[in-house]
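In the two assemblies presented below, chain A is common to both, partnered first by chain B and then by chain C.
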Partner chain A sequence: MKALLKQKEFSVLAIVIIICVILSFVSPVFLTVGNWMDILEGNTVIGILAIGMTLIIITSDIDVSVAALTTAVAVSIGFMFQYLPDSWFSVVLIFLIAPLIGMLLGAFNGILVSKIQIPAIVVTLGTLNIFSGLVLYFTNGNYINSTQFPQSFMAFSNIEILGIPILIYLFALVAVSTWFILKYTLIGRSVLAIGGNAQSSTRVGINFKKVKMFVFTYMGFLGGVAAIAQTSYTTAVDPNGLMGLELTVIAAVVLGGANIHGGRGSIPGTLLGVLLLAIMQNGMILARIDTFWQNVVTGAIIVIAVSYDEINHRRNQAKLANIDVKEAS
Partner chain B sequence: MRKLWLSLVVVLGLILAAGCVSEESAGSGGDEEADGAEETDNTSEEGNTEEAESDDELEIAVVPKLVGIPYFNASETGAEQAGEDLGVNVEYTGPTEADAAAQVKVIEDLISQDVDAIAVAPNDPASVEPVLKKAKENDIHVMDWDTPADKELVDLSVKQVDDEEFGRHMAEKLVEAMGTEEGEIAILTGGLSAANLNSWIDAAQSELDENYPDIEIVSDKIPTDEKQQVAYQKTLDLLKSYPDLKGVLAVSTPAPLGAAQAVQEKGLQDEVSVVGSALPTDSEPFLEDGSLDTAVLWNPEQLGYLTVALGKMLAEGEMPEDGQEIEGVGEITVEDDGKTVIMAPPQDYTKENASEFDF
Partner chain C sequence: MTNIKLSKESVLGLIALAIFVGLSLFTPGFLSSGNINSMMFQLPEFGLIALGMMVVIITGGIDLSITYIAAFSGVGAALMMTNGFGIFPAIIVGIIFALACGAFNGVVVSKIGVPPILVTLGTMVLFEGVILAITNGNAISGFPDAYSLIGNGYYLGIVPFSLVIFFVFTIITGLLLNKSTWGRRVYMYGSNDLATLFSGVKNSKVLMKVYLYASLLAAVSAIIMTSRYNSVKVDLGSSYLLQSVAAAVLGGTNIHGGYGKVMGTIYAVLIFQFIRNGLNLMGVHSSLVDVVIGAILIAVLTLNFFSDKLSRQKAKAAS
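What follows is the complex of A and B.
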C-alpha cells in the first residue's frame, strides 16, 4: 500500500477514483460497459497524441503542432480515398502511408529542433501555421463526408472484437508499446535521462540530437496513427475539426504528472490524465450539471489535481534534499 | 552606472528604429503582394479586355469572419458571381481564423486600398467599431452582412434571415419531425457566446414555450465547440442520460452532423429526430437514412450575391426598398429602420432536395 501511495501517479488516480464514485452515485448510466466504451473510443485521438506528447514533455520540450500535423495527415487520407480501390488492401495501405506521412512531418520538426537547435515552441508554432496553412490552401476548408470513403474503411471503423471497438485496441497497442519503449529500451531510457539532466546525460555518452530527433519523429508517427483514428471515428475529414486540440493534449499530459520542465512523466500517468479529462466531459451531461457550471467544475478539478500533485512532488523533493544535507555533514 | 543607462537608452532607441523600419518595409511588401495577388486574380478569373480598364469600376470589399470554411466559400462564389454580373470589382478577403484582431487588420488594409464599400461579417462587433469609424471618415460606405455590427455605424445591414423567424422555424421543423407535441428534447449549440446562435435558440425556445408546452427541454443549451466529434460525444451522452429523448435541436453547422452521427450509430433514426442548421452537401449521408431529419439554413451563395448587389447600390447612392426585387436573389424585406435588409425566409434541406445543391 505504501509503495502505491508513493507512486507519482497516485494523486491523479485518487482524483479519478473519487470522481468515478461520485458519478456512479449520481448517474446509473455512468458505470455501464457501453458508457466506458464511448468514453475510451471518444478519447482515442487525444490519448494517442498525449502519449507522444509525454515523451516530448519529458525531454523538457513541447510540440504545439500536433493537432495541425494530425489534420494534415487526415486530409491526406481523405485525398487518397478518392483514388484507392474498395478493398482491404486500401485499409492496409492507409495504415502504412498515414504514419509515414506523419513521421516525415514530425521529422521536419525534429531536424529544426535538434540540428539547428531552435527552441521547440518556436519551431512547432511555425510548423503549426505551415501545416494548417497548407491544409487550408489544398482543401479550402471543405469537409469530406463518408460518401467518398471506400466501403472497406467504413467496415474497418465498425469492427468490434469481443464487443470492444477496434479503435480501443489501437489505443491500447500504442499505449503498451510506448510504455515498453520508454521503460525497456536504450532510446527510451535516454529520453528520461536527457529530461532529467541534459548536460550530465550527454557526458555519459547519450546522443542528445538523436534523442530529440526520435521524440519528434515518434510524435509525428503517432500523429499519423491518430489521423486514422480520427477519420474512422468521425467517418469524415474536417480540416477545422481538431483546431485547438493541442492544448487539451498538453493539459492531459501535465495532469498526468509530467513536469513541463522535463525529467518527469510516465505513460500510465498520461493515460490517467486523459481519463480524468474524459470522464469529466462525460460526467457533466450524465450528472445533469448546468451547462454554465460545467466549465467552472472542470477548471476547479484541474487546479485541484495539479496543485495536489505539485505539493506531493515538492514534499518528496524536500525529503531528498534533507538526506543530502545529512550525508554531507 | 550612467554609462550603462546611456548604452541601454541607445540600444532601446536602435531597437525601436529597427522596429519601425522593418514594420514599414513589411507593410509595403505586404501591399505589393496584395496588389500582385489581385492582378493575378483578375487575369486568371476574367482575362477579358473589359477587366483591364477596371480603374473606374466600383470596388466592393466583402470581409467574412474567416476564409476557408465551406459556408464562407459558398458566399464567396456568390459574391464573385455578382461582381461579374454587375460589373463591379469584388475583393473577398478575410482572416484564416475567426479572430477579431486579424479581421481588423484586413479592414485596415482595405481602407488603405481605398475601396468604395466594405461589407464585414464581424467576429466581434465591438472590436471592429473603431476601424469601421475610420473607414467612414475615409468616405467608404460601411455595411455588415451575415452577423450584425454596431447598428449606428453601418449604412446597411444585410441579414440572411430574420433571427426570430429562423429559430421558430427550426423548432417547428423539429416538432414536425418528432410527430408528437410532447416529450423531451435537447439543444446543442456551437458556443455559448455566439450572439446569433443564442438569438436563434431563444426564438426556438419561445416558440416551444408558447405553442408546444408539453415539450420539455432537458438541460441548458450544450456547447459543442463548433466541432463534429464533440457534438457526437455529447449526443451519445445525452442518449444514455435521457433514454426517452425524442429530439435534438442542433444549432451551428457541425453540430447537426455530430448529433446525427450518434443517432445513426445507435440506430435510433425512428426514435430520435434531429433538426439543425447545416449545409446540404455535408448532411447528405445523414439525411439519406433519416438520422438527420431536416437541415435548415439559407442559401449562402445568394447571401454573398446580395451583399455585393447592395454594396453597389450603396456606392451609387441608392438605398434598397422593402419588397424590392434583386435579380438572382428574389424579393427582399427591409425593416422599419430602413437599413436592415432581410434576404429570404429560411430554406429547408431534406433527403429529397439535398443533392441539388453544391455547397
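What follows is the complex of A and C.
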C-alpha cells in the first residue's frame, strides 16, 4: 500500500517535471529564481487551504465554504486593523486572533457535520452562503485599503529571510507541521483510519465525531492563517477576491492524489497538486497563451487526472480481488 | 395528536403556503399584480435547473457543471441567431450543445466510474473555459423579437409562457421518475447501486440518461434565460448553481441518493422565491438574503435531525 502511494505521487511529480522541462524551453524566464519565488508566494493561500482540505477529503468529506471562511477572517482582520496600534504587538495579536476566528467558524461546520450529522457538502454550502452574505453586507463589497493597516504589518509582509519572502516560510511551516500531525500523532492516524474504513475504525475505539470535529476545526484554523497570508500578499482586503477559490483548492487536492472516497491522500501529494496547477498557470502566462484557454486546459487536466486515477485504482482493486480468490481456493 | 400523517413534501408545501400568506399579510406590495408577475417570470429558469440537479442527486451524485452547461447551450443558440439562422434551428443547436456536455459528463461518470463531484468540478472549469474562448468573455446579444416571447410572452394573456414550459417539464419529470422503468431504476441506483447491478440493470445506461436529462433541463432553462435577458454571457445563471443544490436538499432529496420528489423540490423553489422576493420588498440588503437562505437550509436539516431522534426515542419507548 505504501509503495502504491509513493508511486502515485511519483506520477504527479513526473508530470510536474515534464511540464517544467517544456516550459523552460518555451520561456527563458521560467526557470529563474525570481519566477519561482513569485509562483510560490502567489500560491501560498491556495496551498495552505489545500493542506487543510486534504485532511477533510481523506475523511471522505468536502468543505466548499473555505474561501468564504477565509474572506470572513480577512475582513475581520481588516476591521481590527483600524483600531490596532502601530507596533509589533499588533502583528502578534493578529496571529493569535485570526486563527482563533477561523477555528470558531470551522468548529461551527464541524458541529453540524459531526453532532447533527448533516452531510458536509450541504452544511458547507449553507455556511458558504451565510459567511459570504455577511461579509458582503458588512463591507458593502468595498475594499479595505492598506492605508488603514498598521505600518508594522506592512513591514511584516515585506520581510525576506535569505532572499525568500516570509509567506513562503509560513507556507512551509504549515505544510511540515500538518505532515507531522498526520504522520506521527494519534489524531492524525485516526484521520487516516476513518478515511480508510469508518466502521472498523470506530470499532477499534476511534471517536468518529471527535475526528470529524478536528478536521473541520483545523480547516478553519488554516483558513485563519490563509487570511493573514492573503492580507499580507495583497496588502488589502477584497471581499470578492477569493470567490470560487474553493473549487481550485479542491482541484489541487484531487490532482495531488487524494480520493473523494476517502482514505487516500497525503501532504506531499497535495503540495505537488498545488504546484502543478500553479506552474501551468504561470507557464501559460509566460507562453502568452490567451487567458481564456487556461480554464480549458485546467479543466481538461482535472478530468483526465481523476479518470486516470480511477482507472488505475480499479485495476489495483481487481488485482487485489484476484489474490483473494486464489488464496481462498 | 392527530392521526393524519403528512408526508415530508406536504409539510414543506404547507410551509410554502404559510410563508406566502405571511408575506402577503405583512409585506405591502407582495400581492400586487406586478410583483406576482415578476415572481412568475423568475420561477421557471431556477426551477428547471433545480429539477435537473434533483435528478442527479437522486443517483447520489451532484452536477456542479449544470449552470455552465446552461450557459454553453445559451451561447450555442445565441451564435446561431446572430449569424442569421432562425429561432427553431437555434434552439435545436442549443439543446444539442447541452446534450453533448451532458453526454461527456455521463461517459466519464458511468463508463470510467469517477465520482460525479470530481468529474463535474473538472467539466465546470472546462466548459467555462470553452465558453470564454468562444465569446472572449463578452456578452452576445441582439436576438429576433419572436425569440424574446419565450421568456417574456404570455400564454392566453395571463400565464407567462415560460411558466407553462416549466409546468410541462415538471409533469414530464414527475412521470418519468415515477412511471417509467428508467425513473424507477434511477431511485434503485441511488439507494443501492450494487444491488441494482446484480438485479440485471445496466447501471451505466441509467446514469448516462440521468446526465443527459439534467443537461436537457439546463438547456430549456438557458433558452428561457437568454430570451428573458436578451443576451448571454459566461456567467448565465451561475448564481443558481449552489441554490439549486440547496433547493433539492431542502425539498427532501437525500444527498446520498435514493430519495427525492419532484413536488418537494418545487415547494423548496417556491419557498426560496417567496423569501427572496419578500425580503427584497422589505428592503433587506440583498446579501442578507443569502444569509437567510443558508440559515434556513441548515435550520431545516437540524430540525429534521432532532425530530428523527425524537421519533426514534418514542419508538424505542413504545416497544
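Assume the second predicted complex is superposed on the first by the 319 of 329 C-alpha atoms of A that agree within 3 Å, B and C clash if a C-alpha of one lies under 4 Å from a C-alpha of the other, contacts with A are read in each partner's own complex, and residues count from 1 in each chain.
Criterion: contacts are C-beta pairs under 8 Å (C-beta built on N, C-alpha and C of every residue); 3 or more make two chains touch, one makes a residue touch a chain.
Computed from a predicted model, the values in this text were never measured in an experiment.
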Superposed partners chain B and chain C on chain A - clash or fit: clash
Which of chain B and chain C A:Arg314 touches, first, second, both or neither: second
Partner chain(s) touched by A:Gly133 [first = chain B, second = chain C, both, neither]: both
Partner chain in contact with A:Ile285 - chain B first, chain C second, else both or neither: first
Which superposed partner A:Gly241 touches (first chain B, second chain C, both, neither): first
Contacts of A:Ser177 with chain B and chain C, given as first, second, both or neither: neither
First, second, both or neither for A:Ser200, with chain B first and chain C second: neither
Which of chain B and chain C A:Ser87 touches, first, second, both or neither: neither
Contacts of A:Asp38 with chain B and chain C, given as first, second, both or neither: first
On chain A, the residue positions that both chain B and chain C contact, one per complex: 132-133, 136, 290, 292
Chain B-touching residues of chain A, taken from the complex the two chains share: 27, 29, 32, 34-35, 38, 42, 45, 132-133, 136, 139-143, 145-147, 230, 233-236, 238-241, 243-244, 281-282, 285-286, 288, 290-292
Chain A-facing residues of chain B, complex: 67-70, 72-73, 96-97, 192, 219-223, 225-229, 232-234, 236-238, 240-241, 254, 257, 261, 281-282, 284-285
Residues on chain C engaged by chain A in the complex (per definition of touch): 62, 64, 108, 112-115, 117-119, 121-130, 132-133, 136-137, 242, 245-246, 249, 255-256, 285, 287-291, 293-295, 297-298, 301-302, 305
Sites on chain A touched by chain C in the complex: 62, 64, 112, 116-119, 121-123, 125-130, 132-137, 247, 250-251, 254, 260-261, 290, 292-300, 302-303, 306-307, 309-311, 314
